[in-house]
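To start, the structure under review is shown below, and the notes come after it.
All chains are identified by letter, namely A, B and C, in their written order; residue positions are counted from 1 within each chain.
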Amino acid sequence: MDNRPVLLEVENLQTHFRTMDGVNRAVDGVSFHVRSGETLAIVGESGCGKSVTAMSILRLIPEPPGKIAGSIRFQGRDLLGLSDKEMRDIRGNEISMIFQEPMTSLNPVLTNGQQIGETLRLHQGLSKSQAEERAVEMLRLVGIPEPGRRVREYPHQLSGGMRQRVMIAIALACNPKLLIADEPTTALDVTIQAQILDLMRDLKTRVGAAIVIITHDLGVVAEVAERVVVMYAGRKVEEAPVADLFRTPRHPYTQGLLGSVPKLGSSLTGQTSRLSEIPGLVPSLKQKIPGCVFASRCPKASDLCRAVPPGLALKAPGHFAACHYAEAEGSVAA
Amino acid sequence: MSATSLPPGVTIPPGLAIAKLPGDILPEVKPKRGAIGFLRRHPTMAIGGGLLLVMVLVAVFAPFLWTKDPTALAPALRTREPSADFWFGTDMLGRDVYSRVLYGARVSLIVGFSVAILASIAGLVIGLVSGFNRLADSIIMRVMDGMMSIPPILLAIALMALTRGSVRNVIIAITIAEIPRVSRLVRGVVLSLREQPYVEAAVASGTRTWKIIFKHILPNTLAPLTVQATYICAAAMITEAILSFIGAGTPPIIPSWGNIMAEGRALWQVKPYIVFFPAVFLSITVLAVNLLGDGLRDAIDPRLAKRI
Amino acid sequence: MWAYIVRRVLATIPVMAVVALFVFSLLYIAPGDPAAVIAGDQATPEDVERIRASLGLDRPYLVRFADWLWDILNGDLGTSIFTNLPVSTMIAQRIEPTLSLMVVTILLAVSIAVPMGVVAAWKQGTMADRAVMGFAVLGFSVPVFVVGYVLAYVFALELDWLPVQGYTPISQGFLPWIENLILPAIALGTVYIALIARITRATMLEVLSQDYIRTARAKGVGQRAILFLHALKNAAVPIVTVIGIGIALLIGGAVVTESVFAIPGLGRLTVDAILRRDYPVIQGVVLLFSFVYVLVNLVIDLLYTLFDPRIRY
């Protein structure tokens, strides 16, 4: 049993957007928690609401047209009840975030040093020269060669991998308790991806931060996560410890997701099998779905599924799935 | 979940985990259709188009809108204040300002529309040529750069200073001043389209240039060109008024809004209404065209399609 | 860097050459016999002949162009047909009011328009945004002389806060100078403000939707720093470009504004020259304005590096 204290508790999170042709229910009733020092992965296809969930935690959703409801408790404080000023004191300080696009996530007209130093000056009240000194240290920490020179350069003078390192330096500058990483490696070359993941793991142990990693890449999940939340069409469909999830996925959607990933080395051992795909399309988030959101694409779906939304039920220790037909521990057929 | 909403034959097994679906946090948005929907989605286009239509009708039916002869002199009735007989008063030659303003709509609209159409056609041709022919491009763009370095109103003034005032010459002068901007726009669109894979594929497979122009280039140029044309129309109406106002435009015998204001200029401190009414009509008409252009631009450019 | 500046300056020479050729050729582009038009309807054939000779119309086109260009390069813009004074002298006498009007208008407009655009973008969709956009579309639609008359009527005639018309040289004191320029500057600046506010809003909206703004928010940066440190600097290049290009509107508008407010500047000179068909004066003014316009935009081009480190020469 995990007895680290709960750092972040998201309960019944709803993030909706008003658009010209209806309300988009991007996130609709999602709950999960993160413990101190833990690494949680949120996975799902693009458009499933995982990035919106991440943005909602830091309240980076523009309101209007968006609206966030539910509760997001961080160290016991509900972030949704904080003033803008209080929220700004948390952003980049206690909770920080890195984004998918290293090429565009850094401000092109400010130097790398200014961008790292800004958080330090904001949250730790450092002077300009102190901030620059710390920025050089941070650049060294994230493995950027010649940090003394790079600190005065601009982002466009760095490669994509290097820029993501600068982003990580910005995010970790104030020793946050929680780091939210939204697809941190997706835009990078495979070799660079591994380096960045290594760096994140390394720094996590040094800083002791909890990480929420948002990704659609199951390889990344297997590599870094302890626990996984699977999202589909704005709802959480499954949650499990990482090994358990990969071994026995309970929700048909997770099963489909895992079935669509090629197994490394399978062609060498002669056990090649067709990659399966999930038929159909993700339903529009602008319609209310009375039953299970996955029913329209699910091989097991019945009238019950289409009428009654499945609740999350405990299927094995620490393993929840929202499916009327998901089998519990001991009764797994295959 | 009440049992009544279940479809027949479906029963809930005991102990089934059922999710409690959260309620909505935002009011439902009903997409509006029909005329009201159009008005809500494109309010500027609807208002601009409506106002412009009214102005066109005023211009066309000016003789039937209780007007008098706009050029009839009546020295005895000089500079009358607006009244039941003379709705907008009379000018220093005793002419009915209301009638002159209504007839003045004709000049403004004719100049605006003609310049928009002529400049678009000329700019389209020049832009296409320079977008497809490198040699022509280097020469044409040099000339256009030079012409664009002369402020357009100044260019129109300089052209008009040397011709006898007539509506036709005003149209020509303003058109010449507007051509460089349209040509640049079209050339830009052509050059960016030529980089598109489907156009490159058409070129590579030996499709004739004129066919590429008609199939790929023209349809994609038309949208930005239409928007540009409305802005040119608005600019041309203002330029016409300015030219007439400083005495280098429409001949004084023709009632145009610029002329009426030019004639009212000497008396504006004591008889401001002579300047006021044509000014209001001119401003509303230009506003209508600008709103129409903004609406078109927003409708055409989906990037600007905004959330509520 | 220096190589680029030299190259960029040299590149304006062909542009100016085209302008010169165009301004010179205006006489021949315009339909009809220019000498007859300039002479006017009551002119005798002798008058027309005299003007023809003074314009040098009896010599070959290119020879005349070369002569004319040579004179201009030597600072000789020709002689006024009406006053017989050198055009350069007439321009020199009239340049101060126009320069004053332009400078005051640009300073006023930029300091009003940029914050307006920034606020509109920040408060997109709110009443503040709608007010700015409404003002912008009105600014484009109400001609400069209408704004001028309304301002003069309300603030000078009715309220009597400011002088109705006229110009006081700056040598007679700053206060009388600026008093006379406020209303004309607002009238002239209206369309310019609309233009700059609109491009500022559009560019800021574009910039504010960028990923790096989201990064800044995620860092806990406050709204003001996001707008003015992170966003405005990124939006600077398009805004500054439009400020430069928009000067064309000011030049055209100055001709009218000076008429409305009876300011004895280059615009007034132009209008008088048109009424007298004093063509060398018109040519001189057009040439001068175009030259200044090209020069200003050249300087702005060279300033880009200040705003965007990605632009290197």
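Here, a contact is a pair of C-beta atoms (placed from the backbone, for glycine too) under 8 Å apart; a residue touches a chain by one contact, two chains touch by 3 or more.
This structure is a prediction, so every number in the text was calculated from the model and none was measured.
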* Chain whose averaged C-alpha position falls nearest the assembly-wide average -> B
* Asked: Counting C-beta pairs in contact, does A-B beat B-C or the other way around?
  -> B-C
* Could you grab the centroid distance between chain A and chain C? Build each centroid from C-alpha atoms only and quote it in angstrom. => 53
* Length of the line joining the C-alpha centres of chain A and chain B, rounded to whole Å -> 48
* How many Å are there between the centre of chain B and the centre of chain C, using C-alpha atoms for each centre? -> 23
* Can you list the residues of chain C that touch 2 or more other chains? -> 125
* Structure fact -> Each of the following residues of chain B touches two or more other chains, namely 307-308
* Would you pick out the residues of chain A that each touch at least 2 other chains? => 64
* Parts of chain C lying in touch with chain B, wherever the complex brings them together -> 14-19, 21-23, 26-27, 29-32, 34, 37-38, 124-125, 137-138, 140-146, 149, 153, 157, 164, 247-249, 251-253, 255-256, 259, 270-271, 273-275, 277, 279, 282-283, 285-286, 289-290, 293-294
* Structure fact -> Per the touch rule, the chain C residues reaching chain A in their complex are 125, 210-212, 214-222, 229-230, 233-234, 307-310
* Residues on chain B engaged by chain A in the complex (per definition of touch) -> 1, 5-7, 9-10, 12, 16-22, 24-29, 31, 41, 305, 307-308
* Inside the complex, what are the residues of chain A that reach chain C? -> 58, 60, 64, 88-93, 96-97, 99, 101, 104-110, 118-119, 122-123, 154, 156, 167, 170
* Going by the contact rule at the top, pick out the chain B residues touching chain C in the complex. => 44, 142-143, 145-147, 149-155, 157-164, 169, 176, 234, 238, 241-242, 245-248, 261, 268-269, 272, 275, 279, 282-284, 286-287, 290-291, 294, 306-308
